[in-house]
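Before any comments, here is the structure.
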């Protein structure tokens, strides 16, 4: 694996999921792989789970970690080509990426969507410019349109739940549901989850359904062949996993079209399911998106899912270490 | 030791002080204990000594360290239970603590008093919520009402000074004095010092006196049976150690009632003592709280005291490592 | 080497340059030297290359690294002696430096010029106060008037280019040229480059020329015996290396006297040279100071030069480790 920008960089998804589960069972088995190797973690945005879990995974593998908050530890970076740099960006990504690539054996980048210009966000400029100029592998720590380390952790969490419970069928029904929120959030986690679940559906591992209010359709390249339903109750019928997430509109880009509280997940929703598990990438605003009752019930997998971020990162970093 | 929130978590204070002094004499003797163990240091507030000394102590013990500034590296955390999270806090401590606890073998937390609502501060919500939800040991890096790593360093410093000088009696007179300041500061260091010195007084190791202007009475549960005097000069008579600290009023909560400069410590004050040593947890505003002359004299222990923060942290982390 | 504040701390420059090149060839050969040694990196200002390259160099040498952003992770530091500290600085450098010196085996400091008071900046108060009070070696990570780790990387880069190309003479012509910029920048990099190039000129390794518009004269103690020309075209004739940098006026201290775009370096300038190499310490504002065409051509050494920051830091840290 030379980059981990999206699912397209994964050659064997089953093996990668298994590698994550192996790391969880035996975290320090590959510590020799990372000796004298350094990962740089570059944050254009805030982070809790990604920052800590990726750092931890790297350390489990014996690597050194260097962390930089762009615009806080350093200055803003220009991403456009050919411009006269007389504004507020003091350095071009061509130099920054190339230089960081000389100090690091691989680079993780977090750069959220700005939600102002859809074409710009969906071009994934930051990720692609780093991949173009860094000359070392790039790991996506959540980009404008994707969060693949999260999706891999989600896959690990689902397989683990299946292994732990005979009540979950071999091909469980997984429902991604939109949740209400007052702030416009990126589509990255939802996009990525669709991308990975569509792959898992194709290989017969899940049955995948997406539900959201009208106007919240995700980009066609992500939603793919997933069944889309606008009636949340019907979508939840017989679900084995409910995956909650808010996102702002893709068609009316970056807008909040509704905050309809009936879309929040409560125990009434869980009762419609097949004793369903609840998943969310976190952070989650309690009682706005999901009720306390759900999050504090045995139905919730959110903590295990977050814990699995360490193992998804470790599986990816290990693949990259083996390739360099 | 499963948590280090306050003196109540210490079973053998003499042994803990000695463990710190042993670490100082031989910093790397226990490096095997921390192999593949990680401490997360979570800062809700600024830090210099605590940040560096705890990190250093962990590294001395062979541990990995992950540091996060809440609200800067990540977002604000909701501490209240059962609320509708539609404000500025994006994540609840229930999730944040549980998740960080999955990445870390122990967690250090710094969260100062807000000095707005006394009941809230004295409930120690942040520390208790982390202790409740993290499922790993919690280390207090200064909470709303206590700073026990400082108090342990203070005990080490006093015992060390006694060992280094035959002029200091076996049961020295230790005086905590309020110092003037224009900003309202928490009571945490003063509270903690009282708590620990009262324990040391009980075991016959010190004679403990507190002096401050009227209106600056500390909470009864901290001041305990310490002798309290409002005449600083009288309190200093024959003192072996003067421990200076400013705090805002507990009774008129969070208020600055006086800035009377006569409460600052000068060489005139030192001359009243028994060749007394001066201690302060730092940072200290020179010439506002203490004169240059005192701080730059051989009477000052403030640098040694700060240096001992490394060894107090190492003693505590070692105890916790042995228990996990 | 007990400090690395400026060229004056270097006893054998040829050996130090060679040590950097050796580190580049064999980065982990001296890993035993840094075992259980800690460097503290203290930033009063933003950093990208210095932060990452120094951290990486220290890790190559087996050291632990602790990083602190003053005023962000901690609070502001008072540098003046004898003052009543009733302003916005909560701690004096006397305490801060002494305490950090107790936790660290050496300390790196970045503290830029403020460009308000020339005498104050040129006194190098921050660097000297840390050197005075820390009691451990101090490494200059760019001070008000110097950036010696950059200058050492520059020397390494020039020697490396000479070794890699038979077209570069043994005593190449090196031209430092002022570049236009709309913001007032410190003189530190230009000063330091003069200081180090004058030494290299003296030992017969380079022929050194400085060119800038009138009014941009550097301080006499830095420009020394270098040839100064106000006609950039003439200065570039036959140059083997062009070193570009903007600085604000020293004589009209901190002012931007001109932004004349004809001083920017373009391919027309390169054509005047002896197939000259272009160097810049980065960050560089493209098309304001240097054209894309130059930076993206084989004439540019800027990425290699930045990469060499790792090896200049490693050479310096190794010297200091050997002395402690």
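When the chains are written out, they are named A, B and C in that same order, and each has its own residue count from 1.
To be clear about the criterion, a contact is a pair of C-beta atoms (placed from the backbone, for glycine too) under 8 Å apart; a residue touches a chain by one contact, two chains touch by 3 or more.
Here the structure is a predicted model, which means the values were calculated and not measured.
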{"item": "Graph class of chain-chain contacts, one of line, ring, star, complete, other", "value": "complete"}
{"item": "Self-contact between copies subunit A and subunit B, residue sets same or different by half", "value": "different"}
{"item": "Subunit A and subunit B, separation of their C-alpha mean positions in angstrom", "value": "40"}
{"item": "Contacts with two or more other chains, residues of subunit C listed in rising order", "value": "72"}
{"item": "Contact footprint of subunit A on subunit B as seen in their complex", "value": "36, 38, 40, 64, 66, 68, 72-75, 78, 81-86, 90-92, 94-96, 98-100, 102-104"}
{"item": "Contacting residues of subunit C [partner subunit A, same complex]", "value": "27-28, 43, 46-49, 51-53, 55-56, 59-60, 69, 72, 182, 282-288, 292, 295-296, 302-303, 306-307, 310"}
